[in-house]
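Two complexes come next, and they have one chain in common, subunit A, joined by subunit B in the first and subunit C in the second.
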Partner chain A sequence: MNYFQLFHLPAQFELDLTELGTRYLELQRQFHPDKHAAGSERDKLMAVQQAANINDAYHSLKQPLLRAEHLLALRGLKISNEQRSFMEPAFLMQQMELRELLAEISDAADPEELIDEADQQIQQQKKALLRQLQSALDANTPEHDHQAADIIRKLKFFFKLQQELELLEQQTQD
Partner chain B sequence: MALLQIAEPGQSAAPHQHKLAAGIDLGTTNSLVATVRSGEAKTLFNQAGQDMVPSVVRYTADKVIVGHAAAADAVLDPHNTIVSVKRLMGRGFAEINADAEHIPYQLVDQSGLVAINTIQGIKNPVEVSAEILATLADTASQTLGGELTGVVITVPAYFDDSQRQATKDAAKLAGLNVLRLLNEPTAAALAYGLDSGQEGVVAVYDLGGGTFDISILRLKRGVFEVLATGGDSALGGDDFDHALVNWLQQQTGQSALSHSELRQYLVTARQIKENLSATEQLDFVLPLASGEFKGQISRSDFDALIQPLVRKTIRACKQVLRDAGLDTEEIQQVVMVGGSTRVPLVRSAVAEFFATEPLTSIDPDKVVAIGAAIQANVLVGNKSDHDTLLLDVIPLSLGLETMGGLVEKIIPRNTVIPVARAQEFTTFKDGQTAMAIHVLQGERELVDACRSLARFNLTNIPAMAAGGAHIRVTFQVDADGLLSVTAQEKSTGVSASIQVKPSYGLSDDQVATMIQSSMLYAKQDMQLRLLKEQQVEAERVLEAVTAALNADAALLTEEEKLNVEQALAELARVKQGDNTAAIKAAIEHTNHITDEFAARRMDMSIRSALQGHKVDEV
Partner chain C sequence: MAYSNKVIDHYENPRNVGSFAKDDPTIATGMVGAPACGDVMKLQLKINEQGIIEDAKFKTYGCGSAIASSSLVTEWVKGKSIDEAALIKNTDIAQELALPPVKIHCSILAEDAIKAAIADYKQRHGN
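Presenting the complex of A and B:
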C-alpha cells in the first residue's frame, strides 16, 4: 500500500505534519469502526481492517525514520527487518564513546550535566543525518537511495541512544 | 424484480425508526444503565426507584437475587453472595488466591480460571456478571418499553485482553448485543466534552471500587483522542476498605475473622470511609458476636492508612504524562470519575499533582454510564449526522515469547486502535508443519512477568526445508481492544489453521455451552434467540448490499450484478422462514458472492475519501 497516496500527499521525505494529521482525522471520520457499528458482520470486519491500515499509514508517515523506510520500499528498496549490522569503524567508534558517556551517568556526581552533554551530541548528530537523508532521498536515484538506506541504519543507532538517555533521565529524576 | 422485492415496505426496518440502545457501566461496587431520550442522556431507575444497583449477586437454592436485596444479605449469607466480582473477571485461580484472605466466599479452580462455589454449584465470574447485566438490561427494556437493539458496556481502560473478553462473554451470556466495549475514562470524557463543548488536553482520573485508570485525552472539534492511558486493574476503593479492616482488627484485637465477620468488618469499614468524607472525626460502632465494639477514628488516621494507595495512583499519573509526552502544565482540566474520588485525600492529591482544581460537575458515580449511553445512541444509528470520533489506544503492550523466556513486543502500549501488525516466522526443521506461538501482554521483558493471553498452535504449514516456509502472523486489535490472530504461509498462500487456547478465558465452545445450560434461557428460548440473531444479521446484509447496489452497481458487470441480485432474493426468501442453518448459509453465500464487490467499493471510497483536497503529484 502506498501511504502517500492514501493521504493524497506527495511521495517525498519532507512532509507537512499538520496537514497529515488533518487528513488522517478526515479518513478516520469515514472509516472508523464506530461509523459502521450498525453494519453487517462483514462490513464491520472490513471497517476494522481499513481503520487499522489508516492508523498504520499515519503512524509510518508521522515518524521520519519510518517515513524514509516507506519511501525507499516504494522505490523497491526494503530495509525493514534486515539483520545487517555492518558499519564504518569511525561510526562505531563514535557510538562506543557515546555509550561510555551514557554508562557514566548513573554514577556521576552531577548526572544532569552529563545528560545534557549526551543529549546535545545526539541531537546534533541526528539533525545532521536527517539533513543528509533528506537530500539523498530528494535526489531519487538508485545510488542515492542506497546512501539513504545507510543513513537510516545510522539514525537507528541514534534514536535508540536517545531512548536510553530518556530512560536514564527518568531514573535520575525518580 | 429482485430489488423491488427486498425493498418492499414492511420487510426492512424504516430507516429513521428510533432504535433502543443503552450504555451500561458494569462497576466493581455499583452498576448503572443509561440511555438517550429526547436528546438527553440519563440514568434509568428500576422499579424500586434506584439507578445505582449494587454489583452484588446472591445465589439461593432456587433463586438468583441481584442488587440491593443481595447486598443486604451479604453478612447473613457470605458464601453465596458475590461482591466485587469484577475483580475476578478474566483472572486465573492462582493469581487471585494470593489475596484470598479478603474474599469472604469459597474460590475454586475451574481449569485454571477462578470460580466461586455456591449453593447453586460452581459459578464463574462471567456467569455472575451476566446476572448483573441481565438485570440492568431488564430495567432498560421495561422503562423504554421494548427490547434493546444494542448496548455499550464500559470497561476500565487498563483492562487487559482476558478481562475485556470475559466482559464480552458475560454480555453474550446475558443475551445482549454489544455494540462496543468502551473505556471508562473515554466514556467520562465524552459525557463532559459534549456537555461543555470544551477543547484542549484533559486528564481523566478514574478511581472506582476495584480499578484505577488515568487517561490523557485531546479534545478537538468532536474528536476524542486518547494520547495515553495507564492505571491498575486491581486498585480501588475496595483496597481502602481492606486497609480499614486491618486497622479495625488491630483495634478489636480480633486477628482471625470468619467469613461472616469479615463481611461485617467490610460493611463497617465502608461506612467509616463514606462518613469520613464529610467529617473530620467519627465515632463508630462495629457489631460483633461478643457485643458492640465502639471506637473513634479521625480523617488523618484514615489518610495515613490509604496514603500509600493514593501515592500509587499519582505515580501512575506521572508515568502516563511521560507516555503522552506532556507536562502537568499542559493539562487544562482534570475530570474526576468513580465513587472513590469522593475521598478528600484523593481529591487533594490529584489537585496538587495537576495543580488545578478537578472537575466534579457530573456525578462521578454516573458520568461513565452517561457517556456510554451517548455512544450507544450514536453506534446504533440514531444519530446519523454526528461527527464525534473516539480514537482510543491499547493500554498494555502485546508481545510474543521468544527464545530464552523473553518477550518481543509486537504492538507497544498506547498504540491507536484498531491496529494490525504482522510478524514473520520461519520453520527451523525440515518438513516442519506446526508451530506454537505464545502471546503475552505487559511491559516487562520476561515472559513470567507478563500476563499470558493465549497460546496459538499453527498447523497445516506446508512441509518444506528448514527456513523455507515463511509464515506471516497478523495480530489485530479491534476497537474493543480485543486481539485476534490470523496466519498465512507466504510463498504458497496457504492459510495456516490456528487453535487458540486462551490462558485465562473461556473458549467459544465453553461460552456456547454456558449459554445453553444457563438458567437465563430455556432451551426453546435459546433456539428462538439463535434464529432471531441470524434474521437480524440477514436484515443487515440485505440492507447493506441493497444500498451498495443502488449506489455503485456501475462497479459490477451485468453478470456479476445478476448474481448478487439472485443471492439477495434468495436471502430475502430464506429469511422469512425459521430455518436458522439455511439463513446462515444464505448469508455466507451472499457474503461470498459480494466479497469482490465490497473490496472494489472500499478501494473506491478510500480513493475518493480525500477528493476535496488537491491531488498532489505522486
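Presenting the complex of A and C:
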C-alpha cells in the first residue's frame, strides 16, 4: 500500500507534519467504524480495515526513518526487516567510541558534562545524516536509493544511541 | 523474554572481554553492527604465522544474546586455523545458546564478526 497516496501527499521525504496531522484527522473521521455501523457486514469490515491502514500509514509517515524506508520500498528497495550485518569499520569504530563515552557516564563524578558532550555529537551526526538522506532520496535514482539505504542503517545506530542516552539522563537525575 | 542458562552464563561471566593493540600485525579486527537494534560488536583474533588463532578478545555493546554469541565465539575459535574458524555457522551458535528466533540475528552478527576479522587478516597479509 502506498501511504503517501492514502494521505494525498507527494511521495517524497520532505513532509509537512502539520499537514500530515490534519489529513490524519480527516481520514480518521471519514473511515471511523461508527460511521459505517449501518452498512453491510462487508462495508463494516472494509471500514475497520481502512481505519487500521490509516493508523499504520500515519505511524510510518510521521517518523523520518520509517517514512524513508517506505519511500524506498515503493521504489522497490525493501530494507525494513533485513537481518544482515552492517560492516563499515570506520563508522562502527566511531559507534564503539560513542558507546564507550556513554558507558563512562554512569560512573562519572560529573555526568552532566559527559551527557552534553555525547548529546552534541549524536545530534550533530544525526542532523548531517538526515540532510544526506534527504538529498539521496530526492535524487531518486537506483544508485542514490542504495546510498539512502546505507544512510538509514547508520541513522538507526544514532537513534538507538539517543535512546540509550535519554535513559542514562533519567537515571542520573533519579 | 527468557534467556537460556548458557546465555545467562556467558552474559554474567563473559569470556575474553577486552582489546588487543590494533597496530600489532598478528592481530586481526572484525567490526560488525546490527542496524535494527544498534548492537556493535568488535572481535579481535591473534593469529600466528601458521594461520592458527592463538587468542581472541571481544567487545560488544548490545543485548545479552549478542554478548553471549560473541563470548562463545572467542572460545570456539581459539586453536582453530582461520579456515576452520571461517566454517563456524550462525546456526551452530544459535543452537549452542538455544537462541529464540527473534535473537537469531545476534548469532548472525557473531558469524559475520569472524568473517570480518579473517577478511581484515587476509587484507593485511596480502592474500
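Heads up, the rule we're going with is that the second predicted complex is superposed on the first by the 163 of 174 C-alpha atoms of A that agree within 3 Å, B and C clash if a C-alpha of one lies under 4 Å from a C-alpha of the other, contacts with A are read in each partner's own complex, and residues count from 1 in each chain.
One rule holds in what follows: a contact is a pair of C-beta atoms (placed from the backbone, for glycine too) under 8 Å apart; a residue touches a chain by one contact, two chains touch by 3 or more.
It should be emphasised that the depicted structure is a prediction, and the values quoted were computed from it without experimental measurement.
Chemist: In the superposed arrangement, which partner chain does A:Phe4 touch: subunit B (first), subunit C (second), both, or neither?
Modeler: The answer is first: A:Phe4 touches subunit B but not subunit C.
Chemist: Just checking: does A:Gln124 make contact with subunit B only, subunit C only, both, or neither of them? Give me first, second, both or neither.
Modeler: In the superposition, A:Gln124 contacts neither subunit B nor subunit C.
Chemist: Using the touch definition from the top, say if A:Arg23 reaches subunit B (first), subunit C (second), both or neither.
Modeler: Only subunit B; A:Arg23 stays clear of subunit C.
Chemist: For A:Asn140, select first, second, both or neither according to whether it touches subunit B, subunit C, the two together, or no partner.
Modeler: Neither partner.
Chemist: For A:Phe157, is the partner it touches subunit B (first), subunit C (second), both, or none of the two (neither)?
Modeler: The answer is second: A:Phe157 touches subunit C but not subunit B.
Chemist: Looking only at contacts as defined up top, I'd like to know whether subunit B or subunit C touches more of subunit A.
Modeler: Of subunit B and subunit C, the partner in contact with more residues of subunit A is B.
Chemist: Hey, what residues of subunit A end up touching subunit B and subunit C alike?
Modeler: none
Chemist: If you look only at subunit C, which of its residues touch subunit A in the complex?
Modeler: 29, 31-38, 40, 42, 59, 61, 104-105, 108-109, 112-113, 116, 120
Chemist: Touching residues of subunit A toward subunit C in the complex: what are they?
Modeler: Going through subunit A, the ones touching subunit C are 82-87, 89, 91-93, 95-96, 99, 152-154, 156-157, 159-161, 164.
Chemist: Quick one: which bits of subunit A touch subunit B in the complex? Just the residue numbers, please.
Modeler: It comes out as residues 2, 4-11, 23, 25-34, 37-43, 46, 48-53, 55-56, 58-59, 81, 170.
Chemist: Okay, in this complex, where on subunit B does subunit A touch?
Modeler: 150, 179-180, 223, 322, 375, 378-381, 387, 389-391, 415-421, 424, 476, 478-479, 537, 540-541, 544, 591, 595, 598, 602, 605-606, 609-610, 613-618
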